[in-house]
Each structure stands twice: as structure tokens, then as C-alpha cells.
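What follows is a set of structures to go through.
Shared chain: subunit A. Partners: subunit B in the first complex, subunit C in the second.
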Partner chain A sequence: MAKGQVKVRRERSVPVIMRVLAIVSLVLLLAPVVVVILAGLNSGDHLTFPPDGLSLRWVVAFFRSGAFLPAYLFSLLLALCTMFFSTILGTMIALVLARNEFPGKQMARAFFMAPLMLPGIVLGLALYLFYLSSGLGLTRTMPGLVIGHVLVTCPYVIGTVNASLVGFDKSYEEAARSLGAGPLKTFRIITLPIISPGIIAGSVFSFIVSFGQFDVSLFLTPPDYNPLPIALYSSLRYTFEPTAAAAGIFAIFLVVVSMLITARLTNLRKLANVNFS
Partner chain B sequence: MLAAPGTIFFIVFFVVPLASLFLLSLDKPSLGNASVQWMFDFRNFERFFGRAIYYEAALRSAGLAALVSLIALILGYPLAFLIAKTTNVRRNTTLMILVLSAMQLDMVIRLFGLMVLMGDVGLINGFFRWSGLIGDQPLPLMYNFAGVVVGLVQFSLPFMVLSLVGVIQGINPALEEAARSLGATRSQTFWKVTIPMSMPGILAGLLLVFAISFSSYVVPTLMGGWTVVVLPIHIFQQVVELGKWQFGAAIAVVMFAISFIVMMIYQRAAVRASGGRV
Partner chain C sequence: MNDNKKLIQTNKFQLGLNRRQLLKTGAAAGAVSMFNINHAWSKDVMWDGEPFDADGATIRINEWGGFWQEFMTSNVIEDFEKTYNCKVAYDSSFPWFPKYVASGPKDPAFHMGNWNLNEIIKLGKAGDYFLSTEELKANMPNAADCWDFAFGSGLGVTWGFGQYAHVWRTDLIDPAPKGFAAFWEDRFADKRATYITSNGLFMTFFMTAAAEFGSGPDDMEAGFEAMRAAMPMKISDFTGNMQTQVERGEVQIGVQWEGEIFLQMDKGIEVAPLTWEQKPILTQTHTVSRYSDPVEKKLALALVNAKLSPEFQTKAGEAFYLRPSNSKASLPERLKNKGVTNTAGALEGLWIPDWNWYLDNEDEIVETVNEIFAG
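Let's turn to the complex of A and B:
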């Protein structure tokens, strides 16, 4: 009971002006998302004020669309490929960074996190010019695009796996080894269960970052396959197609589900940390 | 051993491309040729800093990013404060998921929503016309500088909020209570205790928002309708429309340098914000 009263008092300690400004920023964050959903479910040709009414005609149009449905599916495929490679590379790097002490370790970590800090358009241009001049045949191809996406998503996996290794007790691994388990078996039965929430959270993040990636894709997109952000961008330059908003609804759904999964996992991770400390 | 694949990948596809971008920016201009000719001088950079159209774009980009950081702080701090002071676990998680989802959603989709809201025949103008507040002349909300500012604040606000929440949560409530019990008013406590204690997060948030709004391409092109020309637009034009890859690389290097400096300061601020732990 006393605890509950403390809670109430603290929540009331946010002054009115702060609450008003906080609501303004929540509205600014969420209003565009709500508008996209309404525009995709609107029955008229364009979303106007006052609105016309609800219908699924634009959702149906999206499933028949020759531009947005292929783009959506291509983005899904791209995000899955990116997630696969980022998760493997990122987990390996994080394991090395978290469990070894070596000179220049901070530098190494900063190096692997660097793609996050770099403007996406600069990284995209650097890769585009490198593909053009190196003759590797990656210019405006799917593998070339995946490479760009892996670079910007890997840091997320490194970050989450690294966080799940904080406070990791090496003696569990040593115990397994001394009881006769090989290095692979030790990894499978001891290390992997501990870091798996971090790996899953990292792969969810890399999926969703790749799915919404625009800047890096700009110079690397294959001529006949557009990822969704690029396809939406091209159509938005000329008109507001409700079909694009319907595609947006499905993207919003993906993002919200991913964030719910991540929220679940971070809680699980805290639980895991409590149990292992 | 375990780090070998990652290290090789990062060297081949990160270090080498960036190094060649630097070399190319110093190379002799050669239309439609992306390979290094090894004829180095500074003419691309002389052109950049010698022509008003380019260095003014750099100044415009920086000014825009500075303004956006300030507005994002004014709007983001109260939201972060509210989240940090919400002790109800469910409500706290919901707010965090809303901010994270808004951040992770493709910016082009969010811009679609903003443009439907703010366009000449958009919802806001439609509402004003419907209610008789304005005549046939729509309010110019978009395709101008102000539109770009709104778009960039929408884009960067979640980054500001997330930089601040942890720091505000970490402030020991006993400090605020002590100030209050010693006779400070609520606003005195806020300005003399809470704000100074959140300074590392404020600094980190400002720098992060500066860096990401400085390098955005989609927001200025869509919300500005090509009337607000910033550095990323020049890069795209030089590279894709004109085939001047050496000059495009030079602009990219200037952008890289500015973001790099900002990010170096950010990292220091972020380390301070986390209390010395990385």
C-alpha cells in the first residue's frame, strides 16, 4: 500500500508544461503513422478532411500492385538475407570482443561499431564507387546490396550479444570442459543458451533496420528490383498513392511485432542475468 | 580465429571502399570514371570551398541540423522525463515500445503520413478550410524550410528521447528531494538539480540528432520539394545525374569529416553519460 502511494506521488511530480510538451512530441511521433494507416484504409481516392469512410479497396489494390507488392517481398527477402549474415558475423565478433582481453580492444570495438556512426549516404557512395572500380561485378546487384545492409546492421547484433555476455561467468564453460565436453559442445550447451536472447534481439533489430533502410540502398539498388523504401520514395515524389499507404500498413505491422518481441527478450535477459549472477 | 571472417569482411567492404572514396576525392576529375588515376591535387576541394552554391549548402545543412537538435531537445526532454518518471511498468514499456516503433519504422512511410497531413490539399489545410478558418489559399506548411524542419524533428526525436531516458532515470531522487526539503521550489529544483544532472544525456542527444539530421537525404528532398538544397542532395546530383564521381566523393568526404568530428565528441559525451562505462 505504502509503495503504491509513492508511485502515485512520483507520477504526479511531472509538471503540467512538461506533460503538454510530452504529449506534443508523442503526437508528432505517432500522427504520421496513424495517418498512413487511415490513408490505406480510406474508401475515397485520397485521404481528405473530413474523411470518406473505411474500406479495404487499397489493401486489395496493394496485393494486385505490380510495383509495391514485389517491392515489399523483395524487402522481406533482402532483410532475411541481411539478418542471416549479420547475425552470424556479429555474434562471432561479439564473442571475441567480450571474452578476450587484448591491446586495442576499445579501438576494435569502435571499429566494428563505426558503420552506425557514418552517414548512410556516404557509406552507400563509397561501396558504389568501390564496386564500379573493383570489377567484382557487385554494382547494383542483390549481393552488393546485402553487403551494404550487413555493414549497417552488424553493429546492432554486436551490441545486443555483447550486452547478454556482461557478467558472463567463464567458470561454467570451464566446468563443462573439465567434465569432458568438447569446445563445440560447451558452446552449444553452456554459451548459446545464455546469449540466445541477445542473438535473437540482435537479429530482429538487423531485420527491421534492413527492412527500413533507405540511405545505403540509394546507390546500391538493382535496376529491376526496388526495396520498399526506394519504391515508396519514387512514387512519393509525384503523388500520394493510397496503395503505397496500404503497403505502409504491412510495414508498420512488421515493426510493431518486432519491437514487441525485443521488449519481451530484454525482460527475459534481465531475468537471465539475475539467475546467473 | 573466430573474429577472422568479420574482420576480413569489414576490411574489404568498409575500410577499402572508404579509403578509395578518400583517394578518389583527391583525384583528377574524370567524367564517368570511378577508378583511381593517381593524379592527386586539391582541385575538388578548392571547387567545393570556392563556389557559394556548395559551401552555402554545407552551412545550410549545419544550420538546419543545429536548429533541429534544439527543437528535438525542447520536445524530447519532456517526453523522456515523463517516461523516466513513469514507475508503472506496463505504461513505461508501452511508451518505450511506441518510441522504438516510431524510430524503427521506415522514414519514407512516416514522410508519407507527414505529407498527407501537411500538403496543400492535406488534412491540416483541409480541416482549416472545412472549419472556415482559411479561404482557398492553403497555408504553406510543406515544400519549404519549415517543412524540412518538421520532418527532421519527426525523424530524430526518438534518438533524442532514448539518449535522455537512461540518464534521467539514473538521477538519484534523493538529490531532488533534498533540494525540495531545503526550500527550493519545484522549478528551482528542476533547473538547478535535474537539468545539470541530465547534462551528459542532453549533450549526447544534441550531437546524435545533429549528426543524423545533417546526413538525411529523404527528408529534405520530400519535405523541401527540392527547394532546400543540402549536401546529400549535391552528392546525389553530382554522382547520379552528372557522373562527376571525383567531385561527388569530395562532397562526401566533407560530410564524413563533419559527422566524424561530431561523433567523436558524441562518444566522449556518451561515455560521460554512462558514468565512465562504455
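Let's turn to the complex of A and C:
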């Protein structure tokens, strides 16, 4: 090699079988989304697939619906509240777990991640019973519902923030501290920008999970309020109209927008350590 | 109204002082909490049938959601809230059974409910949750005009009902099916449908099949044989799904209740009801929780009474094709033109399934039938 030249190591190409599996998996994951979108644009009277034809009538019906549009907006508000609290709480927990060694640390980690493994119905009922017996006044209230959602979404924030803390070079923080920055300033100027991809990813996941949460909401939703999943469930028991699928279109739209924002803000290459070029 | 309000407040104050004094002086220190005092009083609450000022109290109710909720809100609840100066907190997140059980009878999750009789009876077995039918009759003026069967459950008041029937496609089936047992004809193999075992319509279908082919509705083995003989058969989750399958022709004869069939007929779908000879009925039943606080209990009684009014029942018949349980309710045209009448003769032979028996045997029935459906 001549002086100044850099030896470039060629990456191995992905085996064909893996590419095929990846494409099949992607199709299987995306197929329900396509079905919901087409069912919501059905020109016929019922929720069927394939659709009888394409029409925006059920999308219009969604906007005019006294049940679905308020439910959609309520779910949006609930998911935003959940995202806010989950992000703060999840980040704090992740920092404590990553930065400290203490007896029972692994147990603590398992405890905080446990809601991911428990059935939502069990969590919802357990919380309902707890609220009733504790007399905290959280039964059938909005704060009680938000707490339930934070419980099931916080593990996502903990997971992603923890991932961004792996390999974090503490010498940056030490350097900032040695130059006179206090703990909060160090966190704000040094730590936060470095772990922000994990925080943003976690907060978007918590938003998405909260928006689609059904099991926990079934027990904790206050009267007169209906998150979208429950409104859809109630509606489909009695009428099998495509308005429910049209509502699904807007839910999918919200998720897609959230992921696009995440991708824009976080630079997915850093998270996945993948070379897209 | 102002004089009445003063009278109510004066009476309430006087009664309240007398009862509270008695209870406080009669009990050992700390032995009787305010919680128990309220509940002891709750048992004696009567409602005289007149509107009263609830002073902004909130009554919690459990009822179906979706269009049902919209209808109830605009036809009953909005006016009720104004008349009684109260707030109705509407919970449509079924299932309600675990919420009632979790709260217990003494601190009811809801003050009033509208739901299926099998769930009500199941909860009644779990504890003393509800006022009896005698107590309901004594506290609701409109109850006097209801048909006797409206109180046949013993636990609530049935305010609307409909008969079970097979829905069948008149353009796809010739000759027309005759009788309940027609469901099992060979020509309908894989073109007939019933419901999943957790659906109340399946439960009634099972008991009716047991009665048809066995010694009675409690002849479980006959019911199982009937389910085996009906396979292959489609299984729907809900009535909405059944409607869709019938309209698409995937199902030509299915288990339904007449209200859904009438709705389809009025939409121009070529279907007709084949009413079951055994005449079981699908019911909508109200319950009032026994241990609600006094004001909420009176509101619950008042709200149920409003649902028993002839005017409301006519509107409900118009919206949901439900037959009224009030003998004085006039039927909407869309029920009259289907041959429905609101007379004593029309109720002859009507049968409310024995939910006590079904619930006692539910585990075995569900397990066996699910195996049959799974093939």
C-alpha cells in the first residue's frame, strides 16, 4: 500500500436467504396495516377485506362521529401526558441503574422492567384493586389512568436510555466538572445531548404504546371518557362498520409521524450502529 | 319546586339528625364509622317518585357504549341531569363484573347498571349487590305499568326485550326453513353460524337446543350433541359480525335476535326472522345497587324509572327495535309493521333462560363446546 492510503475492509454481503426472510417478515408486519387502511377506505357498508371499492365516506364519518373523534383526541392527550411522565421517570431510573452499584441492582432492574412481561389485564385489575383498597382517590380518575399507562410504558424509556448509556464515556462529565460545572449543568450540557437519542426513542415508544393501550385502560378509564381502543371495541360489538377502520387509519398515521420525527431527531444510524451507505 | 326543595332539605336534616344521634349514642366508641352509618341508612331509602334537587351529586352507571351511549345521553341523561341537578358518570368499558366484585357490595362500583341478565345473576350469586324486584317496584311509579315478566329475574327490571330467531336469507334459501331445528338441515352445512361461548346469544342457543333435542334446557348432553351435529358451522364474535356475514352471503342462516333482523330488513337486506318456537327472550335489564349512598340511590331509582316510561320505551323501540316492557308504551311503526304487538297475548309463552343453571354448569359447557368448535 502507498503512503497515505487507508485500507478499506469490505463488508460481507447479506446472504440471500436472510434477505428473503427479512422481506417476508416485513410483509407480514406491514400487511395488517395495509388491510386496515384499505378497509377504512371501503366504499361498502361493512368492515370487510378486500374492500368493495374505495371511498372516503367512512373517513368523513370518523370526523363526524360523536364517539370516535373525541376518543381519538382523548387518547392523544393521554398519550402525551404518559410520554411526559414516562420520559422523566424512565430517564431517572435508567441513570440510577447505569451509574450505581448497589445490592439488589439486578432485582431492581427486573422489577422496573416487569410490566413488560405481565399481562395488561392483570396489571389493570391489580391497579384497580390497589386504588380501591388504598383510598388514595385514584379510582376512576384521569391521574389513576395516567399512572397505569406510565407503569406499562416506562420500561421502554428505561430500556432505550440504558442502551444509550452503554459505552458512555464518563470522562466528558468529569472534564466538565473539573472545569467548574455543577452536576445539573453537566447533565444539561454534556450528558443530555449524548443520551438524547435514547430518550427521544423511548418517549416516542411510550407515546405509541400508550395510544394503543387497551387492557389497562379497560379497568382504569374514568367514566365519560373513552380512549380510542375502547371506543373501537365498544363499537365493533354492535356495528361492523368501516368507521372503526377509518379511526385505525388515523392511529396508524400518528404512529408513522411519531417514528418519522424520531428518525429525524435521533439519527437512527447511531442507535443501530448500521452503515446505510 | 322551591317549596319542595325546602321540604326535602328540612326532612332530610331532621331525619338525618335523628338517625345519626340514635346510631352515635347507641354504639360503642369507634365501633360505628360514618361509612357504616351511611350504609345502614341506605337500606331505608325510599323515593316518592317526584323530582328532587340532588345538589350536584354524581351517579355512576354502567351501560353499553357507542351508538347506545349517544342515544341514552341525548334521550334520557341530558334531561335527567338538568331535572335532578346531578351528573351522570357513564362507564361503557365492559366487562363490569370484575369492577363490581373488586369494589364489593358495600361500596358499589356503580349505582345503576344496564346489562345482560346472565352477568347480573352471576354477580347476584357473588354477593348482595342489588335491590330486589319488590324493592324496585315499591320505589318506581312506572313499574306499576310493566308486564310481570319484567321482574321475573328477581334482581333487576327488564325494560326492553326481543325474541330470539334465526336470521335467514330469503333470496338464497328455498324452500323456506321451518322451525328451530331447521338450523341443522344438511343444506346449511358451513353456511350456518352461531357465536363464541362467551356471547349470551350462544348461551341461550345452547339451552334452547338442549330443550329442542333433549329432555329440557338443562339437558347438557343433548346440547353437546346438537353442537356436534351443527358442525361444520361458522362462529361469530358479536352480532355485528353476524350481520356482516349474513349480508355477504357467507352465512345463510344464523342465530340472532329479532331486533337485528328487523334492522337488516329495513335496510333492504333480503332476510327474515324465523322466531324460535320455544320463545326465549333477549333482555336489557336495569339494576340498582343496594348499598349506594342515599342520594345516589334515589337518583338511580329515578333514572331507572325514567327508562320505564312509555315515552322513552317507544323511542328505544324506534332506535333499537326493542319491545317495551311497559304495557302502556306504544310501538313505533317499524315494530308494528313487523307484526309486533304490546299485549298480554304477545307475551304468552315467553321464556327467560335459566341463567342460574347455566352459570352453575358454565365451565363444563364452555370447555366441551370449545373443543367441539375447534374440531
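Note that the second predicted complex is superposed on the first by the 221 of 277 C-alpha atoms of A that agree within 3 Å, B and C clash if a C-alpha of one lies under 4 Å from a C-alpha of the other, contacts with A are read in each partner's own complex, and residues count from 1 in each chain.
Assume contacts are C-beta pairs under 8 Å (C-beta built on N, C-alpha and C of every residue); 3 or more make two chains touch, one makes a residue touch a chain.
What you see is a predicted model, and the numbers here were worked out from it, not measured in a lab.
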item: Which partner, subunit B or subunit C, touches more subunit A residues; value: B
item: First, second, both or neither for A:24, with subunit B first and subunit C second; value: first
item: Partner chain in contact with A:66 - subunit B first, subunit C second, else both or neither; value: second
item: First, second, both or neither for A:129, with subunit B first and subunit C second; value: both
item: Subunit B versus subunit C as contact partner of A:78, first or second or both or neither; value: neither
item: Which of subunit B and subunit C A:195 touches, first, second, both or neither; value: neither
item: Contacts of A:176 with subunit B and subunit C, given as first, second, both or neither; value: neither
item: Partner chain in contact with A:221 - subunit B first, subunit C second, else both or neither; value: second
item: Subunit A residues contacted in one complex by subunit B, in the other by subunit C; value: 46-48, 125, 128-129, 132, 218-219, 236-237, 240
item: Residues of subunit A that touch subunit B when the two form their complex; value: 7, 10-11, 13-15, 17-22, 24-26, 28-36, 39, 46-50, 89-90, 92-93, 95-97, 106, 109-112, 114-115, 117-123, 125-130, 132-133, 147, 150-151, 154, 208-209, 211-212, 214-215, 218-219, 228-229, 232-233, 236-237, 240, 244-245, 248, 251-252, 255-256, 258-260, 262-263
item: Complex contacts: residues of subunit A adjacent to subunit C; value: 45-48, 66-67, 125, 128-129, 132, 140, 217-219, 221-224, 226, 230-231, 234-240
item: Footprint of subunit A on subunit B - complex, ascending; value: 2-3, 5-7, 9-10, 13-14, 16-18, 20-21, 24, 34-36, 74-79, 81-82, 85-88, 93, 96-102, 104-117, 119, 121, 123, 126-127, 130, 150, 153-154, 157-158, 161, 173, 186-187, 190, 211, 214-218, 221-222, 232, 235-236, 239-240, 245, 248-249, 252, 255-256, 259-260, 263, 267, 278
item: Of all residues in subunit C, those that touch subunit A in their complex; value: 60-61, 64-70, 89-95, 98-99, 102-103, 107, 238-241, 243-244, 247-248
